[in-house]
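Chain lettering (A, B, C and D) follows the sequence in which the chains are written, and residue indices restart at 1 in each chain.
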Amino acid sequence: MVEYAWLVPLFPLVAYLLLFVLGRRAQEGVVTAIAVLASLAAFVVSLMILSEVQANGPGAPYMFHWLTVGSYTLSMGYEVTALNAMMLAVVTFVSTLVFLFSKSYMKGDERFVVFYQYLSLFVFSMLGLVISPNLLQVYIFWELVGLCSFLLVGFWYYKPEAAAAAKKAFIVTRIGDVGLFIGIMLLFVATGTFDYAGVFQAVESKNFAIDWISPEAFITLVAILIFIGAIGKSAQFPLHTWLPDAMEGPTPVSALIHAATMVAAGVYLVARAFPIFAASETALTVIAVIGGITAIFAALIGLTQNDIKRVVAYSTVSQLGYMVMALGVSAYVASVFHLMTHAFFKALLFLAAGSVIHALHHNQDIRSMGGLWKKMPVTGWTFLIGALALSGIPPFAGFWSKDEILLGAYASGNTLLFVIGLIAAFCTAFYIFRVFFMTFTGEFRGDKDTWDHAHESGPVMTIPLVLLAIMALVSGLFNSPVTDYALADFLQAGGLHYGAHPEHVSWMPYVATLVALAGIGLAYLMYKTKSINPERLANGALRPLYNLSYNKFYVDEIYHYAIVLPVVWIGRILNFIDKWIVDGIVRLVGQGTYVGALGLKYAQNGQVQTYGLITVLGAVVLLGAAMYAIGGVR
Amino acid sequence: MLSVEQFLTLAAILFCIGLYGALTKRNIIIVLVSIELMLNAANINLLTFARFGLVPAINGQVFTLFAMTIAAAELAVGLAILIALYRNRNTSDVRDQDLMKW
Amino acid sequence: MTGNLLTFIVLLPLIAALIIGFVPRSNQGQARAVALIATALSLLLSIFVYAGFDQDLAGMQYTTHYEWINIAHVYQDKALTIGFDLGIDGLSLPFLLLTGIITFLAVLASKNIQHRVKEYYLWVMLLVAGLYGCFVALDLFLFFLFLELTLIPMYFLIGIWGGDRKGAVATKFLVYRGIASAFVLVAFVALAFKAADATGVISMNMVNIADAFAKASPDLITAAFKQGIFLVLLLAILIEEAFFPFHTWLPDTHEQAPAAVSMLVGGVLMKIGAYLLFRIGVGILPDAVQYFATLIALIGVINIVYAALIAMVQKDWRRLLAFSAISHMGVVLLGVAAMNEAGLQGGIFMTISSGLLSGLLFFLIGAIQERTGTTMIGALGGLSKPMPILSGFLLAAALGSLGLPGMSGFISEVLAFIGAFDAFPVLAAVGTLGIILAAVYLLWAMQRTTYGPTTAALEGVSDAKAIEYLPMIVLTALILLIGIYPSILGDLVNPTILSYVTGIGG
Amino acid sequence: MFSGFAITGQSVAFFLISLFVIACGVLLLSLRKVMYMAMAIGGVFIGVAAVFLMLEAEFLAFIQVLLYAGAITIMLLFAIMLTRHDEVEMPQKLTAHPVWAAIGAAGLGFIVLWAVKFSGVKWPTPSAESPWQGEDNVKLIGESLFNQYVIPFELVSVVLIVALVGAITLAKKEEE
């Protein structure tokens, strides 16, 4: 089955083309059927591939010739490794459910077909990225993923915020992409290939066709450049600002972006290209630090946000920080494990939030929610499962993977990172249960009309929720003592032995669970029993801290004033220079010619004899000069 | 014995006289006449080389014939223009004919 | 028969111009029909040439030779021979096809010209003949003639059918490109006379000159001489190609010219400079290009960043696209400066890609202008609602222009930057800023134009008409084709580039 | 200037003819009355015809007399009389213009004379006997004209016709 891996991305592509041909007048049912079936087929093939890889180990890449450049050949192809196989299954599983969910969520939208076109293209791009055997192909699909997120975030194009968010998402990630672009260009120049295998070999032998930098420094440089790409895509600090804004898109899109496709790409790339990073201690440190900063930073912002999707979005940023930090401390398996479990419970949280939003007619502010448990029990239960998984309460999925990461951080000897991880875990538990309590418990705070119309979503929406909830419950067991750490063995079967399973520290699970429970407890006290008044805290001594968190540490503002405005002003100044100096000189020459002509025209006095005289004098001078120069007639 | 230089010298002097006249005289008729003088000087040169040149040939004489024909045509048209001008502007002074100034 | 194909391609528009001259002024449809038929036939013949072209050969094919001017003892007892020499190789064939496609579509897009129609098509046909001629001429003298033939029609096309500042802009265009032509002529004559030192005959045939330059000993044709000629040529190319600081004619021209003429300028006319750079610069004077590589790369990077920054603050789509084109052509310089396989191939890819994209973008902007009466970004908004198809194509074109994978701009950038990173890592890294800025200005303009709420004035405007689908689909398809399967272009140019690069090394 | 000038009958004749031509030319420039100037030009033309004879161009000498001394001079007289025939060339004030003209003309003459005499050109040694060996001058010209130069000849006739018609059209009084 591995040799048919190209089928996996092909199904969504075919769905995209079919929907494109069908056009806008297609029936919603038909459209959903095509998209969901294609995704389902891809999922089935992925599962078959997964089982085969588990049985036989990863296969060699399949390559075909794409373009000849002088004496080089650029190839395209596909490849299945353990990591790929797992990603294929996760992506297709989540996207199938999201596709199904969207049928009801997007019902009646006049661009329903277009929405499914974009979704299919999105999934195709992500799957293509996953099975790419070389970095150029990765970059191609990487950009396509970015394009699809642009299209989907800006799907409601008539909303100015959506348009701005889409643009921001594309441009901010593109800044990261350029880092990646430079990185793979340098790698190609140095190694003559884009293929992972060739690149890894060259990195191992430190044999580069580049003389302006030492091999060690070169590896560090390239690793950091590739990581910059991941920073952009996976919304790491300092390029995280696009992800929360991307909430302007329809909620199923958010689920897809956050769980399976867009943001996972960054972590996936670092994991896939890990041998490059492993060769540079400096690069790993940078990654770990960035990951740690992101984890705590986003968690702190998440504490005070009032938009239900925004909180979940910041939790994604924070969780991605965890994964990146894990890679930075060489806890390769832990990171990939968390990527997988996170995909399930984050998709669950988003879809559940979407269900809530759908029921409340696209109101997303948790301050005007409350008591929805009674109206929407299925959504409530599944959201609770997702929240518990995110907080890391055993035996939910998040507990196992987060535990691994904390263990990795602890084992690396970097206590600061470990502490940051714990604090972030506390914040995570607090904010997600803050949302839970404010949404599902207490009294409804919105208007009565909305309350009356609020109702549990139909089965098209709840079935994906339930399935995801089950995965959020059990997926953690894949890499636990229960299954004897099956995932770790599976991932390392391909010969990747980074971050070999660290020694277990007996107190670690208890500490992690306690910290999470403390967070939940605080949220319970503040938002359920109201024994601690959050308003008082916010307006009291903690006021400056609250503002800092509420305004997202003013990062957007800083960027606006420190980067956007200066660049725009440079543009304006250059435009001014271009108009008045560069072109001004041109026009000055023109005007000068005109003014000179105005003066010189008086030489044209109309007297033929004057003209003749001047001609003769000129001829005499020229002839004389010529005679003098050549010394006579020869 | 006659030499090439003698004829060339004569032609040059004649040409310069014509040139001076064409540049200074105010009556258009005299200017035209001066131009004929220059043409005649050129003709002398042509004939000189036809007779005494490195390769004596009758071509020089044919060329002179053409030159004279064209000169006659030119003079005829020139005088016709002069008449028309005189009729319109009542002057035959070159310096009054400055319609083409700026 | 096949030997004369190129002659027919060039002659057809000229014949069409002659016929249009005899069409009665009252019958405007006939003039348009004649122009359409002529460009369509020329395009068909070009495709025929492509079909019969042997992609594995590096040399000239389809050569036509007629004696034209032969003068003995022109200079130091050497004879001057100028021939009516046409021919094509892997380098010029893509340009020929680009010319065929863009000219045909531009004529098709000229439907909205309602004023002095007969004259318009007459000038367009002369221009088309000149454009075709430039890419198939093997004789430098002939090339120069065709180059001049593009100049005069453009002057009138801008000057008569342009916008409110048409007179000044037409003059600006004429003066700028006239100066460039003068430099081109100086360089050509110097090349021909120097080559004559080696061969004994002053031949204007570029193949002979390239041969002579490749084989002559360094004492006969000194490095300093080559560098001198190349500087003159570079100056001409910088003007023709609208590079900073000689670029100011391009935004004005695009702003004032009618959309179809903008298609011709951005799509083909501007690319003659790039063709000169490849054909004469890299083909005949590779040592000099190598010598000035850093300078060229620097100019390239300055153009990439400078033009992109300026494009960011433009208020008019047409000016924005003009600066965007300048920024893209900077990448060509960067690729050429690298003087390796990837860089040169990237340069050619970028030139062709930029031609196709400019053609498409100016067509779309023209269509939008026809409906809304404006191209000012601020005056538009929410166009997705009244015209989803045009907006969709505009988005596709903008994405192609900012280098989205799967479209021609991406592979061009990749190749050019591979080459550039090999030769000038730092400059290339600075040049990648252009990739970010391209996304910024294009998406900003897209966001303001097609996204957001639709203003009342734009509510009722109509979407694409049937006749407009052809240019949009053809150009988009080609852009996608090159992006997805670049070998279709790469295999064409590869033999020629290999011959150039081996020429550098050996 | 004329070193080695052998006094023969021919050279004396040439000298006298040259003197006559130049004198008439100078008179042409110095006389005031237009009528006299016309007479002076007639003298120049006849002198030139004599020079032609010395150059063994009998036919052209004949044409010179016929065309220039005869037709053209008469035409000039007609033109003078059709315009203000009492017109007198104004006595020229010594302005810059004639001075510069004189400098220009003299400069040109000097350069040409220098080129003729001192620039080191090797003029062919004139042969005493005629290159045409007594062949009929008219016949030679005729043969050349109607064989080698027949197309220019026809073109010249067209030019003459055009000039004739043009002259008549120009000079004709415009009908009201």
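Operating definition for what follows: a residue touches a chain if its C-beta (ideal position, glycine included) is under 8 Å from a C-beta of that chain, and two chains touch if they have at least 3 such contacts.
Given the structure is predicted, the values throughout are model-derived calculations rather than measurements.
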Minimum number of chain-to-chain contact steps, chain A to chain C: 1
Shortest contact path, chain C to chain D, counted in steps: 2
Contact-richer chain pair (by C-beta pairs counted) among A-D and B-D: B-D
Remotest chain, chain C as reference, centres from CA atoms: D
Separation of mean Cα positions, chain D and chain A [Å, integer]: 96
Between chain B and chain C, centroid-to-centroid distance (C-alpha), Å: 54
Geometric centre distance via CA averages, chain D-chain B, whole Å: 7
For chain A paired with chain B, centre-to-centre distance based on mean C-alpha positions, whole Å: 90
Residue numbers of chain A (touch at least two other chains): 609, 613, 616
Chain B: positions in contact with at least two other chains: 19, 23-24
Junction residues of chain D - those touching two or more other chains: 97, 101, 104-105, 108
Pairs of chains found to touch, sorted by chain label: A-B, A-C, A-D, B-D
Contact set on chain A toward chain D in their complex: 609-610, 613, 616-617, 619-620, 623-624, 627, 631-633
For the chain B and chain D complex, residues of the former touching the latter: 1-10, 12-21, 23-27, 29-30, 32-34, 36-37, 40, 43-44, 47-48, 50-54, 56-59, 61-62, 64-66, 68-70, 72-77, 79-84, 86-87, 92
Complex contacts: residues of chain A adjacent to chain B: 601-602, 604-609, 612-613, 616
Partner chain A, residues of chain D touching it in the complex: 97, 100-101, 103-105, 107-108, 111, 114-115, 118-121
Touching residues on chain A, where the partner in the complex is chain C: 65-72, 136, 139-141, 143-144, 147, 150, 154, 157-160, 162-164, 166-167, 170-171, 174-175, 177-178, 181-182, 185-186, 188-189, 212, 567-568, 570-572, 574-575, 578, 582-583, 586, 590
